[in-house]
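Shared chain: chain A. Partners: chain B in the first complex, chain C in the second.
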Partner chain A sequence: MKQILMQDTSGTLKKELRDLYVSFNSHLRDNGLADKAQVVLVSDIGVHNKGMVVKVLPEGFIYINVQSTHIADIVAKTVVNGAKVDALAYERPNKQMRIVLRHCGILDPESIEDYIAHDGYQGLANALAMGPEKVIEEMKKSGLRGRGGAGFPTWLKWNLTRAVKGEAKYIICNGDEGDPGAYMDRSVLEGDPHAVIEGMVIGGFAVGARNGIFYIRAEYPLAVARIQKAIDVCYAKGLLGKDIFGSGFDFDVEIRLGAGAFVCGEETALIASVEGLRGYPRPRPPFPSVKGLWDKPTVINNVETLANVSYILFKGGEAFGKIGIEGSTGTKVFALTGKVKNSGLVEVPMGTTLREIVFDIGGGVFENRAIKAIQTGGPSGGMIPQEFFDTPVGYESLQKLGSIMGSGGMIVMDENDCMVDISKFYLGFCVDESCGKCAPCRIGGVQMLEILKKITQGKGELDDLEKLSEIAEAMQRASLCGLGQTAANPVLSTMKYFGMEYEKHVINKKCPAGKCASLVQYSINKERCTGCGLCARNCPVNAISGDRQTKYTIDMAKCIGCGNCYEVCKFGAVLRQ
Partner chain B sequence: MVVENLQDDVKTVVDRWKGKEGNLIMVLHDIQDRYGYVPRAAALEVSRQSGMPLARIYEVLTFYNYFKLKAPGKFNVAVCLGTACYLKGAPALIEEIRDILHVNEGETTKDGLFHLQIVRCLGCCGLAPVITVDQKVYSAVKKSDVMGIIAEHSKTI
Partner chain C sequence: MAMTRDDLNKLKAETQAKEPKNWIRVGYSTCGVAAGAKEVFDVLTEEAKARNMDLLVKKCGCVGLCSAEPLVEVNIEGAPRVFYGKVNKEVAHRIMDEHVCQKKLVENHIYEI
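What follows is the complex of A and B.
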């Protein structure tokens, strides 16, 4: 049976998509093909801004800008004959490799039968047969490191918890994906819930835990619903509960919801939240692997890590270890967003360069503007300038550039993005999300933000830059948890690579990207002005006056620098300085 | 506020989570799912039925952004301010909504119809900038679209 996948990224089934879905089904039915092909809605095929996207399996043809008039063609050619409809076909640059996303969009996430038919729970069967030590050995061979950001070797984490004596241990899946601009974990939880559950059971078996907890953002209702459904069916099929696969191993899983606190991605804060408390981190050691949830040894693994585990135990650690580069094995999923043509999730082997990801896979910059920087690691990461775009992606290589791998956000910035402004955005996020427990983060963040605000308003002084680095260093060294320790990274990395932009803001009182409204002046070039008056009609404060003969002028006393006139002018007559 | 079956509602929730350690956040989620926010009367009732001090309940309620202490508007207008949306012009959308509805973030219009919420990443960055009104998602929104989006909902009243 063939499958016709339809992309519904927002999960809301907009009218035109619904119509297409209905038309597809009725066309199949009318032509007696209802048992030959099935129409499935999936959340992400990985092609965006190309109208309605349809993929036909098993051929794997992707069709873009599909309209209901194309249905007959697609059905006649592809569904019946397995041939491609060339006019609609989309060719995806093939630098990607799917391990974590291996099933996303391919199988029905709500069907355990489908998962099992795709070799699901084979890894668990292997693990139960080989015993905990061998599982950890296999993980060591794979070289898998935590995909949540810090990159701690998974086998080592497991081994630490395994080594602690005692009955009660826990394994927690960290699905509190809070990095703005990243949604890898959501896609995996929604698209392949069983792979994550399988990884968790394997992890639990390896460390000797009997209980697993999914900690998932409440903002991801579909992910929660799919995981819950998968858990229920696992209990019904004997894949969870008592004596799994007749091995004598018991394992229970439940879900706990996050409630919108970024700091809860930090291990100790996450544990506090699962315990029903405020998400305050606590000093380490003791590490959660020794003393975690309810003071019992606890392993915390990220969603993507666990999705890798089920693959590793199925294919073998050695095979996995051959993918990627020394020290960073396997693949990494990135949420490629920002000013890039094809935005969406990409999965590449470690060692792929940033340039390959953004230009070959991402198709380059939106509207062909000049690229300025690539940001990785979200609010804890840094901005990477052009000269380093040929850096192979890996934990150490990104760290050397002053950024981090992070959970997988990758945001492209173009010439219109101001580095001071974007640093202010990230820092503002961390200040908002700081839990307030320790002073360096609580006070340092606010102070840095105030200085950045001053600079973007044109009130910056020369020693402000020095103050920024000083406070940043104090935060890095003295904050209690990862949030505070890394909050200054975006500022530090932009000061390092785009120091000129800071100086222009402070000394010349100019914003080169034209983003900081107080530092930008607009004027109208009379030669180019046709007197159409579009700018005046779009000015929110009536600062523009004139007519067809005298042309238009901007009253600087009234101008608020919103840039509306600059954007709407069709003749390039509005100048920005 | 007057809620008819408050005691019974709370009892169902409290019973559901009885005996599970660290259940407070889950109890509050259930309450918010039921009422759209956590009314003070419900928090008091949870305290009374579970024996947990009210201060403990509010300690948690006030820490997490997700919990609302005031009744939301009829429509919840959420503007995404994740990085992708920020770069693609979400701040201008927020400005526009403020101008149209005369509310700031976290406020509800006087007629109780629209609540403006700013959220950190809805997890669909490919569609940036994104606005949701309740469950309906608007993608690649331009400033000029905002009036239409609001109007679409005011018309349904």
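What follows is the complex of A and C.
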């Protein structure tokens, strides 16, 4: 039995798809092959914008731009003989590579046996056999850099903590993922908890720590429950506790819950929070590697980093170092969201371009609208415009563009997104989350936000733009921690790449994307209006009146500019200016 | 009872040997659960039990395509291994009837990942 899968990947060939489906079936029937193959319509065939796509299983041949004239050929060659129709064949490029997500969706996160059957805890056994120096050496070969955002080499971090003398040391897993739209850490904690625990024990062994702490935000109850369950079963199996693998190394792990403050992702604030204090950052140095939790040397690694560690110690640092590009090795998980067709988690080798991620993996933009920019790095990152979509993803390359890799949020913006509005959103997030300890962040953020509000309300003046850059610079230079230093990044990067949009808001008092309600006026074109009244029914403030004969009109005094009428009108009769 | 490396390898080999031929994996992370994975999981386990089948239905993490959750991966001897997305109760029943029992793929829910 073969399966013939088909999908219209252009989104415009609804009728043709139906016809093809029917013709395939009748062709099979006419040739007495009806019980040899099943024709199946599918939701996503894994290929994008290649017209009608047909895939034949079990061979897995993919044919693109298929028309009804090709049916006989496909049936005769592939269905009957299992051979490929070369003229139509297409090789689907495999852009994803799974290291961190290697077990997500494959094994039962609540079963340690399942993890062990998939090479689990082999890396730990290797590490304990080779000794701490060699573990760090292996990490150095791998070139792994911290996946939490800053990209500090993990081996160096470990080496610094290892070099500090002292009996008590700690290793903390930073699971305080707070960027809007980013959730790769949650997914790893939920989907593969043992990989993170294994990475933590290896890290603890390398730096000489005997205690590990998972700092996870309380908004992740399932992640917390699965990590707790994994810890319990590890103790029961002797993979945590005393004398692990008979090496004489003892290691204990516990969980601390965070209350979800964004600033607690910053390491000194995180330490304060673990100690039971208010989540305030403190000036560095001394760095946590010297004076961290309870004033003891502490190493803090992100969830994704630790999930990489268990892989590296199993497969070897050299093999890992060959993946990716110079300076940024391995893979990166991105949470692809926004106006993209297939939102979700993607894991790609470093050096993959933004275009490949959004178009080849993500399937492009909703309703094939024009893409405007990609936001990476969350509220500390920046907006990357179209002309740089072919940039290979890496720590340095994104920084050069005024953005950052960050923890891996990637939000796609289309032509309906207003850049001023978006930067107002991100800045507003940082203002809400600012702990208020230092003045540049506490006052600067609010002032910038006020200016942005003014601009989006059409009250902006020309020197406002100058003021924005001035305050931004002060915040970058004088803020105490990363939150304040980077809070202005979204504003700066949009001003750099989309300066025109700011000017249109300030000078022309217009919002080109039609997002800023006070700058947009809606009206109804009476010639196009059919009098259906859909707009009036969707108006939240009853500003639209009329009937089938007189057509409809908008009362500007009542209109709040929400744009509902514009969205619902099927005849393009509502105009936006 | 500390585990030795030999114990680890033994447990690995034992678990691998027990690997079932027929299985269904249900994406059971926050994204899946929020989209209704529990209901789907319950239907699949109940049906597997009611039909007394040699079939393991297990909970897994998120495979990545969160927009298509709840995702269910089906591997049954005699049919290709596929992902079904946006699965609800009815689709879960159809998966059991059509895919598991008749070895025919269920239409309009397959996602290639």
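To be clear about the criterion, the second predicted complex is superposed on the first by the 484 of 577 C-alpha atoms of A that agree within 3 Å, B and C clash if a C-alpha of one lies under 4 Å from a C-alpha of the other, contacts with A are read in each partner's own complex, and residues count from 1 in each chain.
Here is the rule we go by: a contact is a pair of C-beta atoms (placed from the backbone, for glycine too) under 8 Å apart; a residue touches a chain by one contact, two chains touch by 3 or more.
In this text, all values refer to a predicted model and were calculated from it rather than measured experimentally.
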Which partner chains sit in contact with A:Ala37 here, chain B, chain C, both or neither? Use first/second/both/neither. neither
Under the stated touch criterion, which partner chain does A:Asp243 make contact with: chain B (first), chain C (second), both, or neither? second
So, A:Ile451: does it touch chain B (first), chain C (second), both, or neither? neither
Under the stated touch criterion, which partner chain does A:Glu177 make contact with: chain B (first), chain C (second), both, or neither? first
If we overlay the two complexes on their shared chain A, which of chain B and chain C does A:Arg186 touch? Say first, second, both or neither. both
Would you check which partner chain A:Ser343 touches, where first means chain B only, second means chain C only, and both and neither mean what they say? both
Does the superposition put A:Ala513 against chain B (first), chain C (second), both, or neither? neither
Taking the stated contact definition, name every residue in chain A that is touched by chain B in one complex and by chain C in the other, in rising order. 183, 186, 220, 343-344
Residue positions on chain C within touch of chain A in the complex are 1-5, 8, 11-12, 15-16, 19, 25, 27, 29-31, 33, 58-68, 71, 73, 78-80, 85-86, 103-113
Chain A residues touching chain B in their complex are 9-12, 48-49, 177-183, 186, 218-220, 256-262, 273-279, 294, 335, 337-339, 343-344, 375, 378, 409, 411, 413, 417, 422, 425-426, 429, 435
Along chain A, where are the residues that touch chain C in the complex? 1, 3, 5, 38, 40-47, 55, 57-58, 101, 103-110, 113-114, 116-117, 119-122, 125, 129, 183, 186-188, 190-192, 220, 222-223, 237-239, 241-246, 341-347
Residue ranges of chain B in contact with chain A within the complex: 21-26, 28-29, 59-60, 63-67, 81-84, 86-88, 119-128, 135-137, 139-140
